[in-house]
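Encoded as structure tokens, here's the structure I'll be asking about.
Naming follows writing order (A, B, C and D), and every chain is counted from residue 1.
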Amino acid sequence: MTESKFHGVIPPVVIPLTAERTLDLEALERSINRMIDAGVDGLFFLGSSGEVAFLTDAQRYHVLQEAVAMVHGRVPVLAGIIDMETLRVVDQAKRATGYGVDGLVATAPFYALGGPKETERHFRAIREQTDLPLFAYDLPVCVHTKLDPTMLVRLGEDGVIQGVKDSSGDDVSFRWLCLENGDAGHPLQVFTGHEVCVDGAYMAGADGSVPGLANIDPYSYVEQWKAFQAGDWEKVRQIQDHLARLMFVTRVVKATVGFGAGVGAFKTALWQMGVFNTNQMREPVQALEGEDVAAIRAVLEQNGMM
Amino acid sequence: MTESKFHGVIPPVVIPLTAERTLDLEALERSINRMIDAGVDGLFFLGSSGEVAFLTDAQRYHVLQEAVAMVHGRVPVLAGIIDMETLRVVDQAKRATGYGVDGLVATAPFYALGGPKETERHFRAIREQTDLPLFAYDLPVCVHTKLDPTMLVRLGEDGVIQGVKDSSGDDVSFRWLCLENGDAGHPLQVFTGHEVCVDGAYMAGADGSVPGLANIDPYSYVEQWKAFQAGDWEKVRQIQDHLARLMFVTRVVKATVGFGAGVGAFKTALWQMGVFNTNQMREPVQALEGEDVAAIRAVLEQNGMM
Amino acid sequence: MTESKFHGVIPPVVIPLTAERTLDLEALERSINRMIDAGVDGLFFLGSSGEVAFLTDAQRYHVLQEAVAMVHGRVPVLAGIIDMETLRVVDQAKRATGYGVDGLVATAPFYALGGPKETERHFRAIREQTDLPLFAYDLPVCVHTKLDPTMLVRLGEDGVIQGVKDSSGDDVSFRWLCLENGDAGHPLQVFTGHEVCVDGAYMAGADGSVPGLANIDPYSYVEQWKAFQAGDWEKVRQIQDHLARLMFVTRVVKATVGFGAGVGAFKTALWQMGVFNTNQMREPVQALEGEDVAAIRAVLEQNGMM
Amino acid sequence: MTESKFHGVIPPVVIPLTAERTLDLEALERSINRMIDAGVDGLFFLGSSGEVAFLTDAQRYHVLQEAVAMVHGRVPVLAGIIDMETLRVVDQAKRATGYGVDGLVATAPFYALGGPKETERHFRAIREQTDLPLFAYDLPVCVHTKLDPTMLVRLGEDGVIQGVKDSSGDDVSFRWLCLENGDAGHPLQVFTGHEVCVDGAYMAGADGSVPGLANIDPYSYVEQWKAFQAGDWEKVRQIQDHLARLMFVTRVVKATVGFGAGVGAFKTALWQMGVFNTNQMREPVQALEGEDVAAIRAVLEQNGMM
């Protein structure tokens, strides 16, 4: 592994709101401190778990301004620069850079799809107009394009990207990415965005993980990373079984589907655990209620989280 | 049909660029005037054909500022307020409203998908924070959600939306939308975004069409609309056959796929016809070249466009 | 139009069962006679609406044996030879041919997908081993491959296929198929499998339709075909509006989704109208019950069918 | 783990053909013996890798008859009973049972899709009419339905199925299946159908694997299974890296896509290695040629297979 500042557990930060849908700074600081105290190796703001798609630009940079100040250099900060196509992403990159983050995370283009030529040119064009370390975010469930491992390694060798956050759910492609990256001299830091199969990603040779569930249980993901570093695979696996069960918080939701069930469940869990003050969501998503809250609470109790 | 100011042929305007990828105001004015002189009933800016996804906000509102001035009230102007989720769309709506447009066009949320509850709430939340006539843009190929006809008519009856631009390619759903809209007293103005089967949409009872191909041949779409108003179905059909053949400009492209082949072909045709000065595209898309240009030119010649 | 024996309205026949899930010959004969008396131009057995996927080979050829005898030459009979890949389809073709049908209907390969080369070879291989007129059945919802219009016309020119049943729901592709077929001298008889937009298909130049809904209302589809032949487009359109509303029988089902809602609704309607004795379905699908039956009955009543 | 006869490495057998597309019995016996000598724990015939979709029933049972005789009780034999819907699958089950196999493998219904109720009923109906151990084959790429882990465990507890072959590529769902199966007392034997991430599946608690690539390198899969049984995770992982690289045989194919590239590459590799006499495929698929053969050979050489 290279001497990159990016490795290990880097949670995508879930953002707490007040009941009136304004940023809850008190809860945000509590959650950030809780994760840093648990030993995470970095924090990723303005990712999908951070509701980036739901925030106006003003709201995005309010979050980033406060977050960078709260982190205060204790761990590296990554910022999502999520937007539809190249020029809009570059615009987000320029703004995020101004807030003093340590790295940028960009997806493939979305809304108006092209082919592989346009995807590769997209990342090269971002690089030409920015300076910070750049991570490619492979997220076909949102952007409807799968990033090709061979292209990613080529972009790494050319210095266009410094890493990959793979949330594609395609563990075959992830394995091949790790192998091809190794053959090329490890130009990329490769992270899995999976919560449930991080052990498999470590077996494949991942440089770290970016699990949304680490907002709820950062301790276990950090302990798992240390066990992997120590070669204690049985421990890696046992911790993963615990975390896979904890992820049931997202499976027990009945009231809605998609984003509101996923990040909605994370917020509800953090609220029930006392880290957040509410489980409020951004428009047009509603906070989970009633039986869904009770079901999430039951999963937390069954897994020793409260 | 109601007395709405929105009906008939409302092309989504393709935006010309210089070779250096700046806005080509001369060509834009030529193209706008050409369509208005042909008799179109409105113009739609910042739609997919207008490369809205590729423009920074600064570029979007530069286009809108110039376009509104060029149209100068001769026909109604619709503006796309295309963004990922509700609050970002509201932000775009507020800006577009300031430029003096006559109506707004919004898609379902994208990037972070929800279920039908979130989609319906999305349009209601936009309405609560805006005043102009609002059109729902049904475009699953870009946003990966199909709008339900029954929901659309309910939104129409509640005054949330005033119309629909249906680019879903689902003509069964379109028929049902027209029938349910009629049963409810026609609260919605319903437009098809299809280029190739506008005759079928008129049979179904459409209030008009929004065909990107009308940038190339506005005369035929206007003539087809007049034939429909006069009940001359044979003429409607014959014109459609001509336009279906003209749409082959997008079928003959070999160099790429997706947006670059579609809007890229439109730009190349307009360039070959002398309406545009180049066929330049926005990053990360490249302008078509060589054999693709020749093939598009051949289609134009075979269909009497040059 | 050529002098082909295949043109006009050719319903895919829905097959009645007894409560014990055996073939209900009495009801089958009643339904066949009802459609022939209404003036249909042919009948298509062992299609999707005929539950072909659910029948063992023994059951398939039992249906075909009885059906051919019941039709007794009054109209041409098409038989579906639906199976996974080429050799299995050829096997079905050989058996169907033995029962004295007039034409065969085959889909693209499914289960194990290939690319366009394999799809084209599939139809050529079937042709090499069979003699009857062969129709390509374009049904991506079941087989997950869309047939390319240019390939279909090439197969027509080479005498491989004599026609197409297009149930793709892609009316743009259908238009292009009709245009390319016309340019090539009309080697193919082109049918739409749509129930709801047959008027648009006639505008595009279809040679006929294969609507499952014609089991319920064969009279209107026949009348619509005659109006099309007479150039009376207003009548074509008005009949289509009636039929589009009648198709709501499939939209009101709540208990299940997919095949059981679609063909299940057709069977329930035919049962309520007295054409069928039950609405029984094949394993693993259950017959519709309770509120679904009531809702279907309401649609029939609102549309003058009972 | 229970005392089931099904566990460990059970390759889905690739079937050699002569140049004339007849069954190559000599090569089949050589390949079967090679895998059994390597220590595999069972063999699976008439799976996707065995071209089951391409075989007529006569051809299927010819394969099964010969295969069962060749295996001659040395290892348990599973047989695919792959067909569109329930009754057809039952028909296949009855025939396969007559040939003396030890277990049956069935997918969800395909071609005519239903919802979860129909999928569950499908497996229950098969059970009611058969006696042998039954495995659910989760293969959404072919059947377009994902099997729900909770449903599978319920079917296991009810004695409907005895195991699962998971080729879904969804490692999150696989993890949850293993956890839920464990909580229920391990009613199911759970196998991964992945070639490339078997180590991750073992971490999740799989009872074995069904890798098509084991036709090419059965030794490594057997060695990996033994290392897993011994808790030697580093060895499990290193072997997996070798096998992941060997799977590049399917990535280097340029001439086609889908099945012809996947199983076509396996056959080509086995031919180059001298296990098969040809790389012939079933209609409508063509054998790989020229550069594709050379590229596959290069992968074999780079990975010490020749």
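Heads up, the rule we're going with is that a residue touches a chain if its C-beta (ideal position, glycine included) is under 8 Å from a C-beta of that chain, and two chains touch if they have at least 3 such contacts.
Since the structure is predicted, the reported quantities are computational estimates derived from the model, not experimental observations.
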| item | value |
| --- | --- |
| Each chain counted as touching chain A and chain B at once | none |
| Same-residue or different-residue interface between chain C and chain D, half as cut-off | same |
| Angle of the C-alpha superposing rotation, chain A to chain D, to the nearest 5 degrees | 180 |
| Distance from chain C to chain B - Cα centre to Cα centre, in angstrom | 35 |
| Whole-Å separation of chain centres (CA-atom averages), chain A against chain C | 49 |
| Residue numbers of chain B (touch at least two other chains) | none |
| Pairwise touch network: line, ring, star, complete, or other | ring |
| Chain D partner contacts - residues on chain A that touch it in the complex | 169-172, 175-176, 179, 194, 196-197, 199-201, 203-204, 231, 233-234, 236-237, 240-241, 244-245, 247-248, 251 |
| Touching residues on chain C, where the partner in the complex is chain D | 48, 51, 53-57, 59, 82, 84-88, 90-91, 109-115, 117-119, 121-122, 124-125, 142-144, 256-260, 282-286 |
